[in-house]
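What follows is a set of structures for review.
The two complexes that follow have chain A in common; it is paired with chain B in the first and with chain C in the second.
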Partner chain A sequence: MSNIKIKVISRNPEDYLRATKRDIHKLPRNYDPSLHPLEAPREYVRALNAVKLERVFAKPFIGNLDGHRDGVSSLAKHPSRLAVLASGAFDGEIRIWDLAVRKCTRNFVAHEGWVRSLCYTPKGDTFTSVGDDKTIKSWKAEVESPDDEEPINTLLSMSVVTGVTHHRIKPIFATCGEHCQLWENTRNEPVKVFKWGVDSLHHVSFNQVEDNLLASCASDRSIILYDCRESGPLRKVVMELRPNALAWNPMEAFIFTVANEDYNLYTFDVRKLNHPVNIHQDHTSAVIDVDYAPTGREFVSGSYDKTVRIFETLKGHSRDVYHTKRMQRLTCVKWSLDNKYILSGLMK
Partner chain B sequence: MMKVEKKKRYFDSSESVENCESQNDKVEVFNIKIDASKFKPDKQFIKNAKRPRGKSNFPGKAPVNEKKLEHHSRGEGLESANIKHPLYSARLKKKENKLIYAQEQAARSEILLTEEQGSIQTDKTISTSVITQNIIKDNIDIAAATKIFELNLDFGPYRAKYSRNGRHLLLGSQKGHLAAFDWVTKKLHCEINVMESIHDISWLHVETMIAAAQKEWLYIYDNNGIELHCVKKMDKILRMEFLPYHFLLAAVNEFGFMTWLDISIGEIAGHYNNRLGRTSVMTQNPYNATVCLGNSKGVVSIWSPTVKDPLAQILCHKTPLTAIAIDNKGMYMATSGVDRSMKIWDIRNLDGPVQDYRLRSSPVDLEFSQKDMLAVGLNNVVEVYENCCMQTAQRPYMRHKMAKSITNFKFCPYEDVLGIGTNKGFSSVIIPGSGEANFDALESNPFQTKKQRREAEVKALLEKIPAELITLNPFEITQVDVPSMKEQIEAKKNLLYLKPKKIDYTPRNKNKGKNNIARKKIIKYAARKEYIEQSVEAKKLLNIGTEQNAPKESYGVLDRFVSKSNKK
Partner chain C sequence: MEDIEDDEFVASEHDLLVSTVSKLDKTQHIREPTRNEPTNRNTEFNLFKRSNKLDLKSVVKVLEDTSHHVKIAKKILKSQNASTVLPKPLEKPVADRIKRATGYDENKKKIGRWDPVVARSRTVDYVSFPLKHTSTKLVPTKEFLSKFKLKSPLEKELDEIEPQVIEEEEEDNQIYPMSYEEMVEHRQHLAKLRAQQSYNAAKAKRQSKIKSKKYHRILKKEKLKQQLKEFEELQKKDPEQALQKLEALEKARALERHTLRHKSTGKWAKNKLIRAKYDKDVRQQIADQLAVSRSLTHKVQDNESSDDEVDNNIVIPDVTLSQDPKNPWMLQRADKSNIDAEFDFGYKKYLNHKMYKRQDNNSDSESENNQSTEMNILKESISRITHIEHANDEIVKDVVKPTSYKTLKKQRNKLYDKKTSLSVVATSSWKVEPIVQNSGEVNINLSAAFDSLEDEVAVKVEQKLKRLRAEFENSNPSAKKTNEDPQKETDNIEYLKFKNKKTTPIIDEALIETNNLSTSEDVNVLKPACTLLEPTVPQNTSSDIDPTRFIEVKPKYLNSAIPNIDNENDDLDDEQVVPKVNIEEVFEEDDVVDSFRQEKEDEINKDKPSDIDLSLPGWGSWGGKGVKAPKRKRNRFILKAPPKIPRRDEHKGEIIINEYKDPKLASHKVTNVPFPFASVKEYEASIRTPIGNTFIPEKAHKKLIRPSIITKAGTIIEPMDEEELLVPKNRNFKNDNVIKLLAKK
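== the complex of A and B ==
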């Protein structure tokens, strides 16, 4: 029995225990599948836990701004002050909010009927509102004397005005309605009127980088691009269903995203309008509003399906979805300028 | 009140505003049509861009051994030809590539394993079965030789079980002796006498908790021998098995009641009678965490906590069963009966034994090791067979004879050790090559510190698999649940046997002078009509009622005597 060789597992504890207390623990691995039974159910539980924990710790809802007696129809961010937000309601009331303390600082009835749209001037000292009563009113952002409660300027339009947007630098703003009109702050009549057929426009937006460019959504399912220096429209993109709103990418001037009635969002490149650069799916009802994050990497969309979704610009599906129990149909969404918060206005 | 101001109306004046309508003809118009091909997968950065192929001096990584790749394979890949949509096909292809990559990396990492498996090398002339423990002791190092030891204890037949990391040993005797100790360092955790008979013992998820099935109830002790719980819902238990990933303690009692106790929350996950009578042969299938019972009629049945009938049944022997064992991969099952035979079955394909052995006497216990060696206990001899499932083993790999009778034995995980519980105590013998040499520290670590154990406990609790997921095929959870044709037709058929809606006849306001009975009849009639319409529609869907049109047989005048059901 001399020529027997026996080998037995004999581990030296020193190979498996750490040498000093400062050392890290040794963790030898062996990926042999027979040592890891029940792979599928364990992985399932892990995945489920990961999703649940992410949701548990997310708590995206911070609070609500209580005060409007009717649904919120439009929102406007202050261009330089993070805490200031203006909101217009379906009953014609405008409220100014202090977001830091979540309180209303000022409220007044601005229009008869809806407040269709709101926008601040680039300096932030005044803001403009348009309503169903065919008026375009400019208001002081800060009230110092009782006179400041009244509009600085009231313009009467020939037809209903549905949207307003301000030029980044020049004292020009554009409204839309039956036609797209360009106004100058000092004049009581439009500087320019862009017409295309008989269909009306319901949303208009200035490009904030290439600041003479503006785009509007028309009810004949088209998006029309204008240059405010030119006398006519530049391009027209006809979709299959109606585009509801439009947002320009603040970092890439040639990119804009359209919230569409067919539950999708479409990102277009101005240089190549033949087909969309990307289609963002996931909403289960018409998308009402869209707004870009100041980084231009993400955007938020609000939909008729009572959800707010966050998309990455390069991806076809949403990164996150927000929905609470009391949530109603969305009318407007905004991404705050410090890239931290999302503001949404709901119907009542 | 809003102040009415003087407003200027630009459109009243004749002053012309610059009008741009005339220029619209020149503008480019883009029509967008969206179809499926426009949707594209999410953009991802290409990490390993393909380099132009050709002869190069640097051929890249060394090829992986085919056998190793096969060992780490999770089954065949997907056939992309069956997927019609290019988007999904591309997405699945990408996923498939990741799986292939993982498999390759796992196979490559085998080179990092440090320990070598045990083995015996002899001349061709000498059979390994003649090698006794004394010879082994002389031929191995001193540290390993301490693993051969014997405990002579006085309290009758002992049962032994190792903890999951193979470091701790639990002994329980028929006469109430309960002892837990670290068998490597021989450090005693606790030793008590419960003053009752102990039928079975088990470690729970950590080595600080012990379950003992005593004469009446199930008791749980900690590693100092302090009684933590007395589970009176589980009485007269004969055998127990702990399912570590589900935190379930499966037990069967004298009356055939099976109980799964969730030890993390102390609730019973399943409790029913198996209608097999008294069964003291029980084992678990580590592959899918089902429990196997063998009864006195020779039938092996497989059970899960949520299904009250056996998931599978198989007649293995024509005589009462004495032992069952299932290997680690859940491939083979060994059964033995009183008829002195031992059969190996393919557990995933239960037709006909793979191997059929005749033994000298009927085995007391069977046990598979981590490396698929089968230990067979015959009265006072333990025989260990190597490679006995795929081919018929001619002679045992090792034999160990003792002067005591065996009650049970267990292979120690991650060691080449077989621990045998006998009527006079416990003996530990070395079986070279039976254990897995390289442990995975994140799965079970024999060198675990207290802190690591606590951390692992929390992680294991987070990953506790719910009891409902115990099925024959553990990968069922990864499959898509598609209702079969049969189920679809059943669902349609159920439409036929709809019960008419229950209607609350009591009206909200009592109408004076109006006859309620008439109203009730109208409501009833409407409800019935709706039901009939529904069932007629359902019948149309299923094309039932054709047999009514079959011509009936006529007996002329004698028709009146034909029973009504026949007439139809």
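== the complex of A and C ==
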């Protein structure tokens, strides 16, 4: 027997065998840049294709929630459950939706005239609604017995209430109308009344981070800042045209954005109210509502021009615009708390 | 039972008696309301004055028996007197304003603590939401298991009988929202706030009470000074912002100009005007007011006049306007002497009116006036002219030509013409104050001045000519002259800086224009004239430019690693080393070559200038289809395109050289280095790094394409919590630059 030497290629199996079945297949690659002379053009083409395909496959419209007999006037997100949404309509009806199955779980007429505003309590077990009939009603979020259908508490206000917002921690909420009023759940009269000027207010919003601050939009084209503790009203900013809505940045305590009648949105720093930090342009009609993404990097705005736009906080122009054929004028927009979906309410 | 009834009866009787007795007293008292409802608002209608108050004096009266009692009485009275009256509180709006201001400042300070957190989250590479992370550390098995207990059946039974109550204790602890320390702190905070408020209120009150005009004047001045100082600082620090501020100021000024403030039409001014008839001080006030308005409405800079000055540098004195006694707007200063002129009422007005009328009638007196003013103007202008002529002399000295003298004469004639034209301007005015002057003397002076000047110039020219001739004979002309030139040139420049605009016509010879830098001899000979000319040209242009109206542009040089395009073009001039491959063979199917040629042709055609037809068909002649425009029209109205300049790539074969920058390209270029990068090199390197997993290892690829925001599907992102302030990475973030940038925004 002669010893014949056969030469074989021998490789370390670690280089080509994957450790488990779930791993991706190992591909030996040579990353030497001299072997890839066309690296830059290839990357360019890839990037271009990626951008194009993203646009081609972008189908932002997921579905509509059918059921309201009149236009939707207000929306409220559940603070701890992603699938729950409450919506109020111009005919005074409130509907609770299950977003996962896109079905209405509960509907009832809450007010005479339209439902001006809705908000959940931070725990999420009740929600408050205000309507044209000068009442502030609290409802149970979950119906377990037939008694739960009735409001838990009905507060009578002296004047029309147009907005409601809840403190993040304390059991107090603020309403606006003729004046900004602070209510406690257990009392029938407002704990505090903040008066400044004679004009009525149409939107109010609590700061979520620095939770004693709240801001409201007045019909004399001004934004008023309040401290809900001792100080009361702090400062007023008068704009050229009327501010419609206001949203606080949930990640940056001193930043808030105002949706304005002059087609723009203005981002302000609480400490420097003389000039807006940023002006966001692109809408072609009055901006009706604005809501921040929970990450605080972006916000969504709904306008009278029937479009929804997404803006980055630090940029002046919108990143995206959503519009479909059947869309009507926007009344409210919300950004879901998992930073994934946008909800909008329309007129009919 | 009876007793009670009796008591009630007696009580009611007593009440009746008291009320009837009290009715004897004429004053009406507001009684204490019998029913009270708890409200959080107290109206002033619920307040009442207690009438049955104990009167101390009557009590003291009783104590007059002994000396000891008298002492006590005195003490009691003294204590009553010592009570100080509380100051009246500030008015509600003022107090509210102060409250708001202090509250806002407080909140501003407090909210500033979020700065580092926000700055960090904005600058960091990526943030993963939700921010609160539950620790994923694995608990040791023993610890984990120790939580569970196995209960024996007996224990279970016992539990059933007596369920353990542990939770309640915890609840008891949680009932109080604040601990004692917190409460104390809260109270202290409140007290501090209130103290601040009251301090501010007191200050405001004190300041509002000061009536002293001087104080307010000083205050105003201080404010102005402060603003000026701030502005200057801003100018140093941030010129761009300073410019913006200046613009804002300008706008404010324009707005004020637009309004009717500081004019004599307001209510205040009208009232004052009525009083002004009798009161000199009031007149002064109105004059001040008008002065303010004048200073506001005065144009900042007269650009049109500067244009005029280029043509003839003699400023026309504003005789008619500045000395018009009737025009309150044209007063130089709000002097007391002018005030009377400003306000002429009744008989004064009438008299003035009459005076003017008489002036109109008497042509003689008018002409006299005119002459005198004429003389005045002439005097002024003479001094200016002599100045100019001195400058001209210098030119004559330098330019050695016989013709120059003639031109000088012409020039003087021109100047003389101007003078006469000036006098015409003066004669057209009729509101001239008489100025007493001897006209004859001036005339003599004038002629004498001209004669002497002429003589002087003639002598000087002759001298100069002689000297130069001598020099010319002595030395080689061209060599010496060139040596002398630089010094003369500098002299010229110095003089030419003055108003000298008529130097160009002096030289009749044509300039030789060459592109070459090498100077031939004849050019050298001509040089003195050229040097003379050169400095004047930029001066003329510079006089047109308003020195305040240009933007300072800083040239930006990016230290780029990319080679310059210009150099590339230069390289192309050299012979190119192209491998000998038949391109047509390689791309047989695609007609690359042809398409390239087409492209090049397009490129050439694009740059080609074409004729511009300005003629209007049918204008002055028949138009329409088939009608040709006359030749004269064609010649006149069709602008011929300039001759074609040869392209750089004309004979270079298959290349296209773009000779001009494409302006559309500029918008795609990066003008400055984006934020996190410090240098251009870094930025370019970051752009060039490949990110695909074909070119770099998987891990690096994953890291590079990581999004700046990472969210988890189906998890709610809570708003930021105050605990985030205590997170060490946020607390340690001390990038002052970033925070400052944020604060600036």
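Please note the rule applied: the second predicted complex is superposed on the first by the 292 of 348 C-alpha atoms of A that agree within 3 Å, B and C clash if a C-alpha of one lies under 4 Å from a C-alpha of the other, contacts with A are read in each partner's own complex, and residues count from 1 in each chain.
Basically, contacts are C-beta pairs under 8 Å (C-beta built on N, C-alpha and C of every residue); 3 or more make two chains touch, one makes a residue touch a chain.
Since we're looking at a predicted model, the values are computed, not measured.
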Touch count on chain A, higher of chain B and chain C: B
Partner chain(s) touched by A:A58 [first = chain B, second = chain C, both, neither]: neither
After the superposition on A, what does A:A40 contact: first (chain B), second (chain C), both or neither? both
For A:E189, using the defined touch cut-off, is the partner it touches chain B, chain C, both, or neither? Pick first, second, both or neither. both
Look at A:N339 in the shared chain and tell me whether it touches chain B only, chain C only, both, or neither; answer first, second, both or neither. second
Per the contact definition in the header, classify A:P276: touching chain B only (first), chain C only (second), both, or neither. first
Contacts for A:L17 in the overlay, against chain B (first) and chain C (second): which applies, first, second, both or neither? first
Given the touch rule stated above, what does A:L234 touch, chain B (first), chain C (second), both, or neither? both
On chain A, positions contacted by chain B and by chain C: 29, 31, 33, 36, 39-40, 42, 46, 189, 231-235, 314
Would you tell me which residues of chain C are touching chain A in their complex? 40, 99-100, 102-104, 106-108, 110-112, 114, 118, 121-122, 127, 129, 190, 193, 688, 690-692, 694-697, 709, 711-722, 743, 745
Seen from chain A, its contact residues with chain C in the complex are 29, 31, 33, 36, 39-40, 42-43, 46, 79-80, 82, 168, 189, 208-210, 213, 225, 227, 230-235, 250-255, 269-271, 277, 294-297, 314, 337-340
Given the complex with chain A, which residues does chain B contribute to the contact? 2-3, 5, 7-11, 13, 15, 17-24, 26-34, 38-43, 71-72, 74, 106, 109-110, 112-123, 126, 131, 135-136, 139-141, 143-144, 147, 245, 286-289, 328-330, 370, 414-416, 430, 432-433, 435-443, 445-447, 449, 452, 462-466, 469, 474-478
Which stretch or stretches of chain A touch chain B in the complex? 1, 3-13, 15-17, 25-42, 44-46, 49, 109, 150, 154-156, 158, 188-197, 222, 231-240, 262, 264, 266, 273-276, 278-279, 281, 314-317
